[in-house]
Amino acid sequence: MQLQLQTWMEVEAYLRSDRGIILPIGSTEQHGPTGLIGTDAICAEVIAKGVGEAAEALVAPTIAVGMAQHHLGFAGSMTLRPSTLIAVLRDLVGSLARHGFDRFYFVNGHGGNIATVTAAFSEIYAERSLLAAGNAPPIKCRLRNWWQNEAVRQLSREFYGDAEGAHATPSEVAVTQFAYPDAIKSAPLDPPVAPWGEFADAADYRRNFPDGRIGSNPGLASPEAGRRLYEAAVGALTKDYLDWVAAE
Amino acid sequence: MQLQLQTWMEVEAYLRSDRGIILPIGSTEQHGPTGLIGTDAICAEVIAKGVGEAAEALVAPTIAVGMAQHHLGFAGSMTLRPSTLIAVLRDLVGSLARHGFDRFYFVNGHGGNIATVTAAFSEIYAERSLLAAGNAPPIKCRLRNWWQNEAVRQLSREFYGDAEGAHATPSEVAVTQFAYPDAIKSAPLDPPVAPWGEFADAADYRRNFPDGRIGSNPGLASPEAGRRLYEAAVGALTKDYLDWVAAE
Amino acid sequence: MQLQLQTWMEVEAYLRSDRGIILPIGSTEQHGPTGLIGTDAICAEVIAKGVGEAAEALVAPTIAVGMAQHHLGFAGSMTLRPSTLIAVLRDLVGSLARHGFDRFYFVNGHGGNIATVTAAFSEIYAERSLLAAGNAPPIKCRLRNWWQNEAVRQLSREFYGDAEGAHATPSEVAVTQFAYPDAIKSAPLDPPVAPWGEFADAADYRRNFPDGRIGSNPGLASPEAGRRLYEAAVGALTKDYLDWVAAE
Amino acid sequence: MQLQLQTWMEVEAYLRSDRGIILPIGSTEQHGPTGLIGTDAICAEVIAKGVGEAAEALVAPTIAVGMAQHHLGFAGSMTLRPSTLIAVLRDLVGSLARHGFDRFYFVNGHGGNIATVTAAFSEIYAERSLLAAGNAPPIKCRLRNWWQNEAVRQLSREFYGDAEGAHATPSEVAVTQFAYPDAIKSAPLDPPVAPWGEFADAADYRRNFPDGRIGSNPGLASPEAGRRLYEAAVGALTKDYLDWVAAE
Amino acid sequence: MQLQLQTWMEVEAYLRSDRGIILPIGSTEQHGPTGLIGTDAICAEVIAKGVGEAAEALVAPTIAVGMAQHHLGFAGSMTLRPSTLIAVLRDLVGSLARHGFDRFYFVNGHGGNIATVTAAFSEIYAERSLLAAGNAPPIKCRLRNWWQNEAVRQLSREFYGDAEGAHATPSEVAVTQFAYPDAIKSAPLDPPVAPWGEFADAADYRRNFPDGRIGSNPGLASPEAGRRLYEAAVGALTKDYLDWVAAE
Amino acid sequence: MQLQLQTWMEVEAYLRSDRGIILPIGSTEQHGPTGLIGTDAICAEVIAKGVGEAAEALVAPTIAVGMAQHHLGFAGSMTLRPSTLIAVLRDLVGSLARHGFDRFYFVNGHGGNIATVTAAFSEIYAERSLLAAGNAPPIKCRLRNWWQNEAVRQLSREFYGDAEGAHATPSEVAVTQFAYPDAIKSAPLDPPVAPWGEFADAADYRRNFPDGRIGSNPGLASPEAGRRLYEAAVGALTKDYLDWVAAE
């Protein structure tokens, strides 16, 4: 149930029984020689839509550009400053809370978003916490990374072991191959498994990771593995979402 | 050529010959009893993709939530504050300019975005204009509303005449019906042609336009008309884009 | 009735029967070889004062510096960033709304202000629209450019035809000549009618319009024409203002 | 020499020999039962113009609304938040510095502006100070209150003694009477000399100073005293300005 | 080597051989019935000073108030909004980078700071990453929580097992008892081990954790255990700091 | 009574009878060849603690970094931009006001903070003043510089006469020697009494005051004089604080 494909009257009807909404958030950034720039947004979007269908929950439009300053050394990467992303999330949650939504479940496709999105939740809560007489109805936000649950982790380990790596992973590339089979890319990966390490700004990142990957061999990805990872993620997040909105 | 479906190496190759990029921007807001909440984002996205294909130009991910404060009286509508949207556009253009893009062509699906996007362009330019020694390479931004060109206007007049109206128009609804034929909605429209008028904030809007429409009868929309409007818009904007990037 | 020349007790008395206020907004920017840097502020101010007298309405102090980043390539031009101007307008309207004013009528002297002022209105409205329980009394803002009404347009056409142009127009220069006859300047205008075109930042503007004018021949201006333009503008805007504050 | 009445070519010529500019800053706020709301802006403006003529220096348009949050309990008072005023001053100084101005001399009419304007100077300087390689040409800002010099203080003491007070003073009212003799107001002042005290926000101010005055008896003001105060202020500030721009 | 106890000449001498600096960051918030409000700031400060001595590194003044919106339901708790804390860290790092420091090692005492501090690092990096020609010398920031290393974790487990909990832990209380033995508090803890759970804003937190603790029994704390935890933390962080500044 | 050394229950008990709190604010900046970088923070902190003990009032943690952009030309100096410091003070006061504190007494150690802190008070008040229906309980903020009272001024004159100067004064250095006798520094002071003058940004400051001092001879400082200055300051401020919180 995509919000974009509803009428306002349908949303009004939904709110009579439900207060939760799913918000996919990704990133637009390099994913190595063969990964799509939209990898993180695509993964978040398709999995969030899957969760939305399974949970009969509304899914907001995808936040396609996240916090990716460290990838700006590679063409096509885009970022919001953390302060900008915080303002965006404050406005999005504020808009939806205005209508009565009170559970905001973010399905995240990008590790680089975690800190800023979490800070944004605190920014949103702080407005309420600074008021002693908090008679605003309580709202709650949750961030879930699609790959951080036992079901997905187990598949990733089984499929790729140590070649999973940390950026431009075969798992995320596989999910995009499943979602966009016509956009599967191939290119030499040298070395096959990319180096590990840390990074600070974009220049530092590019110096340490010349082709953009960290610790991964995305050459191992396949659409079929992508399908299984997708299904595992949808299953795990659907349960998590339903448990969460049912609590208190 | 969607940016999201490229690798960074493909974008690097593109930049050797091209410097322009197309950015669809829409809105997430009520469109009357039968219009989709995502109408403006959908129209901007599908038309921008059409232009991208025709012009062999890259298309950035859609900015799905725009400036729609006046629609917040209707469930599901979302807005960015103008100051937030300005910060977003500054970061998006700044990211892409970092790679060498210098022509930013926004395909807009929402009248309410025009002022803020135009102000954002000035905010971006102002940073450069305040520096006397402007040795940064010049960048240019352009906003085009998909419905404001002779080809589309002529079709709208021909199809709907005075029932086109100003919000939740049959033209935009038709384009979404063409794009998402499975999401065609029906509901009573009473009166068939909605009233005209002005509005200030969300409460004022809802008072004046009880079902969300302004001056329109979207009941006249059809997917086939949507296809023709889509083609007219793509044709007009493709020419405009190509002329623009070719100039100087 | 200039606000600056009232006491607070007089304003309090005014508010017992009236809720509208007129706010002139101009710009401080080059206007070609013969136009005054204060042209836009002067036009807005004198016409707003005229409207205030005719409509017996209060006139706030003139916002003399507006959004004029594109003119910074010419000495003496000043700008506020759009984000700054939005904050200014939010504070000004907020201050006056605190006292009970609820109709804010901006008489504008500068095309470059339109987008930012309109965005500022949305920023102001958004604060209210994001609150579901909008028990704040409704406020409304309107922007009117003094030259965009039939009476003024007709005179401009009659006086200057195609030499009116778009920046440093003979019409606006004429109004300043009427207002400040001691400050009439003369200088060579070469070519007599300036070129047309588009612009982005200040460097781009100066490249395209070497002496600052766009499409105009301000050499045709005269104080007498200025008087007639002034009277036409005051007449048109007074009627518009009175109709507006009388509605609902 | 008002900036508003120059052309850009005249400003360019001025900059060949001069780098200083005078910026009047006032406030729009209640000044007791008989003082004009524009008192502070009027005083700053007329005195700054006097200094400009005497010193043959350019005078920028008046910043008419300053920091006056404490006066918002009285109708017609307007304020900028300190953070807004800081942004305004940053943009104004930045615009003028772009052209080569490097001495910014603010003639202030309102005690409530002092802290914020001083903070704004630091905000402007901080941008430069945070850069180690400061190859930007040095700029300097100075704030001078028109009433804080020996010449004016002596006259105020002579004319009004203890009845000068701290807000809505007979001295400032006298200057406005000299400047706008047609706008001289009269109203009962009870008690003749207002109480002294401190204040925090607007409610606190109004509680302590029911008619808006602090410690003053503006009933003693006269246009003739205003003329002498004006002349004393212009004399003192002209010397101060000329010494300042001549130094180093 | 506390920065506060050096002269600028001593810092200049330090910078000839060293580029790293340690910045303690804590929080000012309730820590249950017996924990000090300054617990997190105290732990961060004393451990950072210990690391500074062991590593012969400069230690900046403690950032005593962090992001603690969720604790505002308990008297004495203070917070910075995430957006404010990001601005603070940007200014602090910017000031020090101006002098040539390029390794910023934050010793953190509060879990609630992690997301915002990490986002602040990205905000700082983003300014550099958005510039293609990054000729600014590279800077790096690192955040280390004093309790997240094997040495401390082992002691906590050994001392407190499951009663360590997540807020107002016996470990952190013990460190403050070691640091401020005169300020050891006692109060009934009922139940001895506090409940576990999640929280959103301050009202939600107080509802779930009535006396402020989460999962902990701080009644088990002792100054002697505090001394051992302090020494373990200093040892682990000193090694981590020295390895980090030595790398590349 | 340091806030950091209380539990939340103790603060809750305090608030049953008291509503005032003392907030020390200093700076981290060069203080000449022999003055500590932490001079201003140290003076504010020790004197505030002394006042807190004498007045039995709570003392918040020290704001150690203030507005010191002009000192950035000397190694180790740190600054917050004025806009950042305003945001910090807004959040600190907002947090404490949430608990019922309503008198915020800032003990200041740095002249450079005065304007920004005063502007911050206005920013805080403005939020309340802009609301007509101010039913928030009134709060008041006061800033007191520890050296600006008759008791301290008299001692400074007696001890140092004209060699007191304006920055890196023997008085403030003496207080730090009293507070940190192990950190007394010695270095050649040439000339013994530093020059006087004005300054703008950091480069300007360093040009005019090569070793950082202004008008002072801190070589005259002694711990014993520091003790007497400390006692005088504590005495004067304690009386001022108690009178203030007792009023109305």
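A, B, C, D, E and F are the chain letters, set down in written order, and residue numbers restart from 1 in every chain.
We adopt the following convention: a residue touches a chain if its C-beta (ideal position, glycine included) is under 8 Å from a C-beta of that chain, and two chains touch if they have at least 3 such contacts.
Keep in mind it's a predicted model, so treat the numbers as computed, not measured.
Shared contact partners of chain B and chain E, listed by label: A, D. Contact with chain A and chain D alike is made by B, C, E, F.
In summary, the pair chain B and chain C forms a contact in which both copies contribute largely the same residue numbers, shared numbers making up over half of all those used. In this assembly, C is the chain whose CA centroid lies farthest from the centroid of chain E. Greatest Cα centroid separation from chain A: this falls to D.
A separation of 29 Å divides the Cα centre of chain D from that of chain F.
Measuring from the averaged C-alpha position of chain C to that of chain D gives a distance of 25 Å. Separating the CA-averaged centres of chain A and chain C is a span of 46 Å. For chain F, residues that reach two or more other chains under the stated contact definition are 72, 79, 81, 83, 95, 98-99, 129-130.
Chain-to-chain contact here is organised irregularly, matching neither a line nor a ring nor a star, and falling short of all pairs touching. Chain pairs that touch, as defined above: A-B, A-C, A-E, A-F, B-C, B-D, B-E, C-D, C-F, D-E, D-F, E-F.
Against chain E, in their complex, chain A makes its touches with residues 67, 69-70, 72-73, 79, 81-83, 86, 112, 114-116, 118-123, 125-126, 128-130, 134, 138-141, 200-204. The touching residues of chain B, when paired with chain D in their complex, are 129-132.
Interface residues of chain E, counted against chain D in their complex, comprise 94-95, 98-99. On the side of chain B, the complex with chain A involves touching residues 2-12, 15, 28, 30-38, 41-42, 60-62, 64-65, 72, 74-81, 83-84, 87-88, 90-92, 95-96, 98-100, 180, 183, 185, 187, 212.
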